[in-house]
Amino acid sequence: MILYTARRLAGAAGILLVICALTFAVFYLMPADPAQGACGKACSPERIAQIRATLGLDQPLPTQFAAYVGGIVAGRTYGSLECGFPCLGFSFQTNQPVWDALTSRLPTSVSIAAGAAVLWLLVGCTAGVVAALRRGTVWDRAAMMAALGGVSLPIYLTALLSQYVLVVQLGWLPYPREVALTDDPVGWFQSMLMPWCTLAMLYAGVYARITRSEVLENLGRDYVRTARAKGLPEVTVVRRHALRPALMPVVTIFGMDLGALLGGALITESVYGLPGVGKLAADAINSSDQPVILGVTLFAAAFVVLANVAVDLVYALLDPRVRTA
Amino acid sequence: MSLLETTDLVKRYPVRHRLTRRRIGEVSAVDGVSLGVERGETLGLVGESGCGKSTVGRLLTRLDTPTSGQVRFEGRDLGPLSEDELRPVRRDLQIVFQDPFSSLNPRHTVRQLLSAPFRYQGLEPTEPVEDLLKRVGLKPEHASRYPHEFSGGQAQRIGIARALALRPKVVVCDEPVSALDVSVQAQILNLLRDLQDELGLSYVFIAHDLGAVRQVSTRVAVMYLGVVVETADRDALFGHAAHPYTHALLSAVPVPDPDLERGRERIVLRGDPPSPLNPPSGCRFRTRCPKAAEVCAAERPVLREIAPGHLVACHFPEERTP
Amino acid sequence: MTTVAVPVVAVPVAGPLRRLLRQPSAAVALAVVVLLVLMAVAAPLLVWTSPTDFDSAAVDPALGGLPRGALGGISAEHPLGVEPVSGRDVLARIVHGARVSLLIAVLATAVSVVVGTALGLAAGFFGGVVDAVVGRVMDLLMSFPSLIFMIALISAVPGANRELLLVLVLGGFGWPYVGRIVRGQAMVLARGEFVAAARALGAPRRALLLREVLPNLTAPVLVVATMSIPGYIATEAGLSFLGVGVRPPTPSWGQMIASAVPWYAADPAYFLIPGGFLFATVLAFNVLGDAVRDVLDPRSVRR
Amino acid sequence: MTLLSVRGLTVEFASGVRAVDGLDLDVEAGRVLGVVGESGSGKSVTSLAVLGLLRDARVSGAIEFAGQDLLSLPPRALRALRGDRMAMVFQDPLSCLNPYYPVAFQIAEAYRAHRRASRRAAHALAVRMLERVGIPEAERRARSYPHEFSGGMRQRVMIAMALCLEPDLLVADEPTTALDVTVQAQVLDLLRDLRERSGTAIMLITHDMGVVAGLADDVVVMHGGRRVEAGPVREVFHSPATAYTRGLLECVPRVDGPLPHRLPTVEVP
Amino acid sequence: QGGSGEAVRGGTLHVLASTDLEHLDPARNYVTSSQNVARLIYRTLTTVAPKPGQAGGEIVPDLATDTGKPSDGAKTWTFTLKDGVKFEDGQPITSRDVKYGVERSFAPDLPEGAPYARMWLEGGENYKGPYENPEGLASVQTPDDKTIVFHLNRPVADFGSAASLPLFAPVPREQDTGVGYDGRPVSSGPYKIEKFEPKKRLELVRNVHWDPKTDDVRKGLPDRVVLELNLDPAVVDQRLVAGQGEDAEALAMEPIGAATVGRVVNDPALKNRLVSGESINTRFLTLNTRRAPLDNVKVRQAIAYALDKDALRTVRGGPIAGDLATTLLPPVLAGYAADDQFPSPDGKGDVAKARALLAEAGLAQGFPVTLDAPSTPGGKAQGEAVQAALARVGITVTINAISPSAFYSTIANTAQIHDMAIDGWTPDWAGPSTYLPLIFDSRLITSEGNNNHSQYHSDAVNKRLDEIAALSDPAAAATAYGELSRQIARDVPVVPFLWDKAAILVGPKVAGAYGHIAYVGRVDLATVGLRK
């Protein structure tokens, strides 16, 4: 198992390396010249050339790429500038190592993702189970229609609408802003509530549908019939024999969704103006801050890839058939 | 020279871990099987689940490539042939599967299914689809239907018609009646018998149902965990089984007669067949054999002829009581 | 002899479309989709106003370009109101925007279905190295933070035809989801007995792939196709929302919503109208996709 | 004494399929009733109806078990009977065991549903039951998961689970069909042995006339949801009253006796 | 206006910014909003007067006792530092610190700053900054701790004005962290940095070593100044409209968006909280004079007639966003002279005249052009307004949206700029000397980093620019620039459309806020405070 984990992690690193290379290549194609960008309003060609040399932009692409990957592993320097391990690049627009920018924004993204995840799991799975148990009833249909509606609502629309209604019209909530949980728990909760609900609305629908179909599928399984034949109370039958196995695919998808979300809820953070990793990415894209885009892409991909590995391992832990195979 | 024969046929499948996809071992599905089928005869192949019967069937029709050993058809080794070179051979060598529905493409009509053999062989159809249907007891107007519109028995008839379209010399029937109801089973067994009489076919009849094997076979081979433990003419095998396993097998089949069934001397074997992942050393049956001795663990018994045409792989075969 | 033929049960197999229409929600969804498609196709005939003409009389510069009149300037001349500042007709932009959205979504679906089916089929059928390579590529694409990367990629080639680029990028990142399903199905089918039967008959590989396996993939492929259209509509709108969609002044729903962001408090109609259209469209396609799956997917039929 | 008495049982599914149509049958205490018939003749549906496990189906007629009318019993009372006084063994032991729990847990669960017992005591009982159905090293194997057992062992686990509360009636739906003949012989032996020791009545559902011949005292032959014939095994087998039963008996190729060139086929009543 | 009541000492002032502070490092700080913030942190030799309107253009002493003494025909400039000026650690500020600060602006590692030191100081072309040439630049002399002398390579009449730029702020050599200095410049002004998270937040607290007696400009009223950066502009507007909680003590960094105008104009209470500041910025449409058919002056004149200035202003918020521009130099800049060479009713354009001019040029059927615009919502909207206006005369405009950070470097690249660009110019201080010479002198055209975006070439204009530069009287020079601008306007290298005004919303507790022309109408942070 340890060996397997190591092998998966190595594979994950491989995937990240390829993603890194591809992203790097795309930036090379980008017309915006970081040196020109860094040079600003009054800039002579000589000065641009100087900056280019400092950034290593005059080197051939493979050399630049090697330097970049080397930086991630061991840190590097840009001219007189130190960029310590793990150096995901250095933003000349914010004068900050990309790593610092990412880590300073991670708490916001984690706050959003974690809270939303709790919410959507609670709402989605409950609705899914209820719908499955009351199959064909009004409850079922209403839950599934609501789920489809939630899935169909573009997130920026939900965000704008909730902000318009809850903040502008009703004034029930303040404008979301960055608040540390440790500084002001109430403010944190108030600020995060809308982003959580917005994200949860999108995902809860998906989870309700998955949970419903999995519970239904498991309810039709022979071992559920066995459980009933044993005379178990229906609650136990559902909980132990239909829900538990149904949660396996939910766990799988949850791991991946969470992994993707930790890499920044791009639109949510942008719409609410919350300085998370996603907003960092959006801003960086708007201002063509290539080192940051590259860094965020890698960072987000790392979460996805690691989530994949984690999901497989968790799966192995949860499913005795895999565990002992 | 047999029409279709195998020598020392071996097939191993790698086994992978469910999660890590690492190779964690090998199933030795078939381990040194030598068989022969003569013109016009039916070789019955019996054994318990997982003993390698289907694998032999797939190897005989070259749907799988043997790990080692030979499959010869009319004296020609099929091993080194490419798919293109095999194509003409396949006209003479057909297969009927267990589950009639999964062996018929659900998206093709009966007409398409029954003209496929000619199309794939690049031949002009020699026999109209309607005639093929009639031969297996179906109506010509069935030609435009899809498989799901048939009952199991009817679908199996279509499978048989398809196998026979090219007028093969040998048909491997891999449990052709196991999925069918008893009453339908009888119809299909009768059909196979009729077709053999009419067309002079040879069959390799794979089944775990000893009664069915007895009904259609002229010779029978008994397999246990990838090896053939006994072969004999039908009557010899059912009358004078020499291998303890064959004995146990025969005695385990319940007979639909309350008096006979209750009074019968039964040999109930202990335990289950071992896993083909790591088969026992020496004689593979020794772990369940009532006669097992030390030599059985040490030495693998080879097939010996104990009477003309009666071969047994056992250190302590039953005495033949005439 | 006394054989009794087992009577063949004549299963009344209603056509898939009929079964689909029997569900009221699916029928409504289909009607909405058909209407939308008609609207998109007949856009120039439907609205005479150009989606790019400014109408400075319809807005009040002293109020920062707020549309004159209630509800975002709804009037006989502008049935759905006008865009703040420019006074462009919202209905005209909605109708022309539908064209862009639908066209891109349908083409992206086509790209992902064709590529996904081809590669998934190859991977599932041949297994081994092909499967390993295709599998890796799919893993890779699915690990990409695709939204970020798509934006970066699209902004990296500013000169290219945006519509085409969007189709390629959406399809390029979307095919693994088709490919994964097709691969799984193809793998099961390739090991199935009817493929073995065809091989035993001497069928060449091409025939196995195209005649035996492929026809059995139509149902799952059709299901993923219908289910992915709404996703592409939403993603295209999302990209336009983030400013990397189709180029102005070509209207697009996502863009309209994006430009409504600063106005959401002052002129809520301006984001509610395109937002409502987007929601209705995506919902209709989702409901339809769901119904198509119910009709075609044997798993859900079984329940 | 009649333990289970079924009268005019009719089961109709929502789809309109009438799977069982006015069936009568009786299981005597301590005796084995064989129920035979072709696929689709309604055997399984009957067994599920008896245990009240059918959902989405209209069940009518009368099912009387130990003097109680099961059809009019409230769900709670029915549940209390189920697993306790009447238990069931199904055909496919792999799919009938939950892959996520160790086998002992699943046996103990059945026990704890009806008797107050500590976890530990229930587990000990489960181990005893496993020993009783002939699982070697029961103490160790108790913590294994279903997939770690072979088919025959799994069916033994199912039987242990059904018998842990010493029910009056065991409904066994094709308990050996998924098994190999040698393993089938073991399981049949086990059932025979258990009946002799505990006196549990068994309703044995099968399509294999040989199995009925070996184990059953009485037999009911079903076709199309109706009873074609019923009576003591010996009577029915030696002198079947209907051509259908005779056909069923004769169309199966046997390992002994004469060999016809062609097999007789069944005539539907 | 600007919040009633008296501003008092104390409290926390919040500044809500929808943009980022580009650079705080004095060697790199070259954006008005950053300069406005930087004035809270560090002092320069001179600075702009803290007054509303045109008076804000006046240069006053800051660290120095006066605005500089020219000698040698304005080729040598001498400044004397005030007594008692200290860094945040209590160390006195010396002339060496100022010299070091100027030298840093030569370092290639610290790009982006104003170019004047590099352009004007003798020997500057070979100097690479203190990191590579630690021996320093000989043309900046510090005879004693208080005196600093600059030797220039040409006469510069308003070097005293240039000395108000951040690169003339003192930097203690021992505390220079190179590139990292951007995140934590050492304070010499009333506030020092407590916490700075780029693109998120800047928190300033009092610098106890700043002595108000040495500073006639800054008031340093609030105890703390907190800037929230990179907010959504609509959210900033909404928060200030609501003006609740902390937001009562907040002011916006940027003008209100068009969507808020209606709300503010119709609400007297809000209108009372609106600070309207004039600006030295002029917005114009740059026409690339090297690309056909825009190389034809008739075509350019046609575009000048066709342009709908009013629509462009509506995009920016309507009349509140400024006045329609008719000249290059805005009215608040010295040298402005009223003029309108391409008049049209309400600034909506004169389509008939434009068509006639196009017909003269043989392009009556129109032609296609590509317009470079920033990919911001505003940029795109302006692009679409140009598109719609020029469509009226048959000119089809394709918008090339460029990411905002790359926008200026792209149009400053002569190979990358297309036919037209949404453009504008803010002089570096409130005088015309950093306007026309920088953007219309054809001899300054470079392939990259070019400021003459229209690539306008006129030998007559070049000659005149040299003559004006040689004038030692700033007032005479201003008048001359004004006259020259009319001459340039006839050639239409650019079409001015808006003289910016900034309408800025402040919270109900903010007092003493006014828009400063040098900070393009933004609230002067150095003097604003909170009410009781």
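A, B, C, D and E are the chain letters, set down in written order, and residue numbers restart from 1 in every chain.
Heads up, the rule we're going with is that contacts are C-beta pairs under 8 Å (C-beta built on N, C-alpha and C of every residue); 3 or more make two chains touch, one makes a residue touch a chain.
Keep in mind the model is a prediction, meaning the values are calculated, not measured.
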Touching both subunit A and subunit E (chains): C
Pair joined by more contacting C-beta pairs (A-C or A-D): A-C
Central chain (distance from its CA mean to the mean of all protein CA atoms): A
Centre distance in Å when subunit B and subunit E are each reduced to the mean of their C-alpha atoms: 90
Between subunit B and subunit D, centroid-to-centroid distance (C-alpha), Å: 31
Centre-of-Cα separation between subunit B and subunit A, whole angstrom: 54
Distance between chain centroids, defined by C-alpha means - subunit B, subunit C (Å): 50
Of all residues in subunit C, the ones touching two or more other chains: 3, 155, 158, 243, 258, 261, 264-265
Residues of subunit D touching at least two other chains: 262, 264-266
Shared interface positions of subunit E, touching two or more other chains: 232, 238, 375, 402-403
Complex interface listing, subunit B residues touching subunit D: 48-49, 181-183, 185-187, 189-190, 193-194, 208-212, 214-215, 238, 248-262, 266, 268-269, 272-273, 288
Residues of subunit E defined as touching subunit A within the complex: 20, 22-23, 25, 28, 30-31, 108-109, 111-115, 131, 178-180, 182-183, 197-200, 228, 230-232, 235, 238-239, 242, 245, 375-376, 402-406, 408-410, 412-413, 416, 446-449, 451
Residue ranges of subunit C touching subunit A (in the complex, touch as defined): 25, 139-140, 142-145, 147-149, 151-153, 155-158, 230, 234, 237-238, 241-243, 257-258, 260-261, 264-265, 268, 271-272, 275, 278-279, 282-283, 286-287, 290, 300, 303
Subunit B residues within the subunit A interface of the complex: 17-20, 22
Complex contact set, residues of subunit A against subunit E: 31-33, 36-45, 47-48, 50-51, 54, 79-81, 93-96, 101, 104-105, 167-168, 171, 174-175, 177-178, 271-273, 275, 280, 283, 285-289
